[in-house]
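There are two complexes below, and they share chain A, which is joined by chain B in the first and by chain C in the second.
Then we have the complex of A and B:
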């Protein structure tokens, strides 16, 4: 809706602007189309009032687009005409309108007229016109490609480019319209290329503001570009190792274009072309011999051509053709060197060599001749194989050797290379000092020159040797590289392709020469060697750390040095990182590159630690594997101290107890072994009805305890073993002793006292009766002469049980023995001494007790076995 | 671009030399065309009897080089007319074909026009010779007939002959004949009206 409305307004505007019938104004110049005006120039238009128009020139107003033009630009020509002059700029392509506006309240119609101005530039002259017609098949193409520089200015208006071509003298002119805006090239078809004619070509640029043209006129060959020479071949010639023959075919017939040729060549290994002078290849030739070339060298050859006397374009270069010159005999000697490894009593010499620099062919084999102590030692022909250009031999330390080597190719023999190896103790001096640095990723070695040696030794040159370490076991390449430099040089850059991150031992040897005969001999001096890296990197792997000792507050770490090949640089230090468990709170210690163990201190006891060691070079660091360990709970000697203290304490305690026991033994004895009346001293043993006889005896209280002697449960375990033996005895002896037997009996079953029943039945009774003897004479007490009174003891106390005193078990046994032996003993030896204060079992005589019993010593208390049991009183 | 001359350079060769080279080229192309035609039409390779179609005054040694060139120019002019007639007839017969064979015809025609333009510059003003065609192909000659083909062969034989004669004559010209002819500018102006796109 909106767009159609605008279109309608625009059409109405056009209707009123151009050719409006009610107009009484007109602009000159006028045009049915746009009027092209040149940018930068003044343009003048005049507005005329037509006859019968009610306006005056004062009513005329000029507008460009929607903008009024300043009155200063107006020029009143007369009453009916007003002109305006404007300076055209590039943005003035718009309607220039002349209006006579309707005054207010006027009936006069509004008049307007306009012309469309189109601002632009006149065309620029094309520059650098060139045209070219390439060769097609065997002729020159009729299509002429022309190009030019149209300039950078946009003409703003329609501009055409047309290329014309004409052969002067003919009526036909070919043309091509170039359709592109600001055309730069065009192709004009000549139908037949006018060979051997003059051709005139021009490009014409036209627009409404003018035209320009650029022209070329020349022999038509000037526009022709031939193809490169055909079938270019390079041929070798036997016996001419320094020349190559180049042959080719003409790319176009000479009747069309007579050509001359250019040849260029280079070594395959070089980028620099050498061009054969044009004077050498002038003429319509089809072959040329390249001379002064190097033997057995690959050359690349190219050709191009041009119309005779440079009458055409140069062709492109032909495709490269590569050929190798034939072989000539080597022009230089092989480069011989040696590596000496001292052995226990000899020297292992490895001879290594490089092919001659000027091999002039493929080296087929080497002739190696070795003299020891000026006598021919051995000679070998060694096939030239890159993998085996070395020879090893043993050379005793006390011998000198002279080596000669010659290289052979298919054309002949090389000059001879010689090398002397002196006796071990005859080495010539080396350079004083040597250092290296890295420049442009190459090693630069610097050394101090050697001092002159006395005649006939002369310094010939220096030799720099590099050996990669560690050397590979399966190394197929030469074990070393070397480079010779003139004797006046003390700084040089190694031209070796040294690998990054690999360690090399760089050695500098002075090479001396002397002339014992007519042949120069060369002998190296003592080397000076330094390890070097052409570029260092971070180590490939970190050291593996192990904890060799872990203590309460410290731990000793040990790590192996990683393989040299993985260092990739000089290790500048190791850093030990350690942290508690998973806390990640790392602490670090840095140690020197030669340190491979370290003791971490100030650790927490009984704590898990993680530790690793990081190896660092100047290029970076790499960590080793983690290792965990746990510190000890106790420090060194703490356990021992504790053990010793505990032992000592126990010892002291034991001693103390023993001391106490010794000092308080009486008390203990009383506690452990309460005094039991001695049955042997019992008055019962001497008891008789005639009391008065015994009236002076100390009265004793005797308790008779009945003991169940056959109650196995009440026997002590020790007695169980002897029980079968005793049983009969017990039975046969009728439990003669209630005291002795009761020592292993836990409790009496019954207690009887003053029972008459037991008198006859004691032998069959299973009880032992104790009788309490009540008297006053025991233990030195003065007994009263009261008649003894018997009282049966009701005590259940065990009698000196062996459980309480196991050591009495044997005693008990021996007591039994006593009982047994007692029958055999004489009465006179019966009475052992009894300690007055101690309880002692006295041997019992089983004989019929005499009516008058021996008086026991007053000082001894003995329990005497009761033979016939309880006897009624 | 090594070896390039300046704008407008004509090269080291003189005009007569270029014309001689052109005549030689055209002579070769005419031979090729004749061979091509004989092969394409399965015609015998032996020359057709009857002599040359174009006749000129005899090139006796007494004539100057310029006169010889003028006479040859006239003969070549007649050859061109005959050739255009042949091409017209060939176009009528093989209208849609754009073959190597047809291109060769047109190349020879254009090249002959170039040679005429080039030799014209060698002509001495005021000297005019005319050549005659002994046998015109009249309107009764049926196109495609054997007679027509023989007549075309004879035209080509004439071309070979007269271009060869021109080539030989031009190559024998001494250097002093090579001069800048006055007719060149006039011809150029006159011929500039025809423009082919």
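Then we have the complex of A and C:
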């Protein structure tokens, strides 16, 4: 395609050059197509001036593409020929032109001639030629697949690869043209594969710059690739637990290709193949016994074949066949261990064990034998079950135990495993120190070796135990494991599949051995235990904080440690965050991992706070739930101080007032209880020396009023309706007599109600002027010594019956204390303070408590008749 | 390349010289290809004999199978296959010496090739296009040729100084105007006699193997 295109272009150019210009130059060598030139070589072309050409050789100019070639490359041969030599490079595929330019103002036409150069490389010899004819059905395929390495150099020009195949001695040669550029493979159809003949195959690579060839000649079987062995089977034999028999069928008839076989096998659990030496399977066989295998082990077997004496290609491996060898009796003892948990007065011993490493079959059951203090204690057959490979017993602290266990499979019993548990006070020493670290997501444990012990104790090995904590109550499997390491090792990596974020207690035990009899006894020393995590994470949950005490400026916080299972790592510290209400201005305090309470100080009083506690591991932190609290308004004792101060103040005030009262009691008394003249001491009582006191009492102008204390019973029945009225008059300030301007009547406590006032207005005529006689019972003042006082009244009010009938008055006086006291006084004797001639009332010196104040019911009784007395009015 | 216009004659002379050289090489290659003895040098005597015997044994077996297939497909009785037919080569190996007998095998193998081709063509016409007999015959022809090459090499070893006569692959002489039955009978007879020939060829080569042919030739310096 490329060459035809260039040819067309070239012809067009020639047509143009020849048809429209007079051309008198020509280049040799010349070609109707492109001229292939080898990269790196020199190429010489000569430009000839034809006869009749008006140019000379000096006029000739060479151009490659559009670029002029330097004159130094020119070689003037004669007057009509100039050659040019150029070194070919890979990018020089272009026109090489020879021109004789038209002179200016000349009639001579311009002459030009060109040849197309195509740069390229000669082909490289194909390397590593190989041809394969695979097996098809029962014969070898006639299609021969050949491949080779064409080399990395691009020839730049059209290059063909052809594969030939021929059976020497025959005239027929098969051929296949490989169409790909820089072909690497090709298929030759031989029509019939030449069985048992010599086959010659060669690949020929050609281009314009040369050809190369690679050849193979060999027996035709060399090119054949058989199928893998057919029907490969692996058989077991009951009596031979260490062997398997492999059988197969020949994939191809021996008359075509006689084969030898190769067998390889591996354990299912391994990736390493073991190949049976070829010398063992060299013959034309169809079965083979694999020996020295492990009992009760699954093996994978594969086969392949090759022509006899390696006269063909290897076949592919056959599909894998898996078979298990039969059982043999266990070759090693079970791995016995114990976990001891001290109880109050004994020890809880859990015996745990693993199946023998070389179980050589499926373990059916274990025989466990326990001796205590060298006496047979108990023996059990325990069915082999992953869930029940443990046995618990109680062992008193003062007893030692010796445990033996044997495993059984269908073929027999294992060697015996023994373990001694000493008395609690007879423990052997442990390792000095132990530490752990994490490497490649596994725990690496390091410890210090134990010192040698006196004979007969010898260090046998170390045992590393790991126990997951906390242990779930419902966990059926014991969350523990152990690993034994040789006695000369002090650092090892735990091969356990420890869970991330779970805490394990890692213990290192030295295991000692001694031989009291024929059997070695093994006894662990004291363990050294450390908690560990194979990977730590942030805690699952944060602690819940509670406020136990809230004060004015402080609050005591308490939080409980979250469950160990949720720690997911070692708690390195707790951080307490607190803020006022919704301000989000968090303050924090950090405390150690063992602190579970804290007192926040410098808080504002009577303020709402939000607080939470964040637990942190090295892998992260998690906050607990928020808690809100409010600080108190008062601090401790403040209220008590205030109460005490107030009380004391009140007390002092009271005492002060009392003192004042005591000191100024006279003044107070005068203020509170102004002295009321005692009517009995009134001069009125001794007044009117012209007529007898008893017979000539003024009936019209003076009315006698019983004041204050009345004994209701002392009054006559007919006075009951009248006395209240009199009393009203006496109590009424307004209706008190203006005589003497009685200030004692000013107390509002003794004023009568308005209605009473009205009533009294009705009962006492305003027109009647009268003089009121005031009793000493006012305000509790009981005039004891004052005689009844009489006052002249200008009232026109008719006098009461008692007044009208002195008899009655006398009778009443005999009952009334007032009158009784009055009667005791001698008529005409006045109080010493009072002037005999004065008509004003004098205050009575009161020395006794007021009977009114002490006996209020008496006063009440006095009012009752008054009420009834109003009604008839 | 370095000739110039003035030396055009020089260029043409050099081209002719090259052509003659190439022609000579081509003739040499053709002769080499045609001459079967060239291949014999690639293998030792024992390898040659072993391969030849295996191939002949294989072809004997294959011919037996092909004959069974042929009889089954053509519904033929064994009697027909044993009929006398003059134009078909005989399977009898003749000769007094081992070399003569091997030469007889070689000659017969060459004689059978055109008959096998004819039977194959007839089978293609009779049961196109997937005729197992035709396909088997096609492969058989190739293998018989290969056996002939091997036997030729054996002959070279057995009698290195005597030229091996090459029987021409001449026409079978069987008239084209055969009816179908005649064609089927002809095919069966050819295959039967070929099978007999190959069986005898196996025996002859076995006798060669037993006769320590290769040891003798080794001693002779072959």
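Basically, the second predicted complex is superposed on the first by the 610 of 873 C-alpha atoms of A that agree within 3 Å, B and C clash if a C-alpha of one lies under 4 Å from a C-alpha of the other, contacts with A are read in each partner's own complex, and residues count from 1 in each chain.
Everything below uses one rule, namely that contacts are C-beta pairs under 8 Å (C-beta built on N, C-alpha and C of every residue); 3 or more make two chains touch, one makes a residue touch a chain.
Fair warning: this is a prediction, and the values are worked out from it, not measured in the lab.
After alignment on the shared chain A, the placement of chain B and chain C results in a clash. Of the two partner chains, neither chain B nor chain C is touched by A:679. Looking at the shared chain after the overlay, A:81 reaches chain C, while chain B stays out of its contact range.
Within the superposed three-chain model, A:175 lies in touch with chain B and out of touch with chain C [touch as defined at top]. In the superposition on chain A, A:29 makes contact with chain C only, not with chain B. When the two complexes are overlaid on their common chain A, residue A:192 makes contact with chain B and with chain C alike. Counting residues of chain A touched by each partner, chain B versus chain C, the larger count belongs to B.
With both structures placed on the common chain, the touch criterion links A:44 to chain C but leaves chain B unconnected. Within the superposed three-chain model, A:217 lies in touch with chain B and with chain C [touch as defined at top]. Of the two partner chains, neither chain B nor chain C is touched by A:226. Once the two complexes are overlaid on chain A, the chain A residues touched by chain B in the first and by chain C in the second are 166-171, 173, 191-192, 194-198, 217, 219, 253, 255-256.
The part of chain B that touches chain A in the complex is made up of residues 1-5, 7-13, 18-19, 21-22, 24-25, 28, 106-107, 110-111, 113-114, 117-118, 120-121, 184, 187-188, 190-197. Every residue of chain A that touches chain C in the complex is listed here, in rising order: 28-29, 44, 46, 48, 77, 81, 166-171, 173, 191-192, 194-198, 217, 219, 253, 255-256.
Residues of chain A that touch chain B in their complex: 139, 164, 166-177, 191-192, 194-198, 216-219, 221-222, 253, 255-256, 306, 309-311, 313-314. Interface residues of chain C facing chain A in the complex, by the touch rule stated above, are 1-2, 4-5, 33-34, 36-40, 42-43, 47, 51-52, 54-55, 57-58, 61, 138-139, 142-143, 145-146, 149-150, 152-153.
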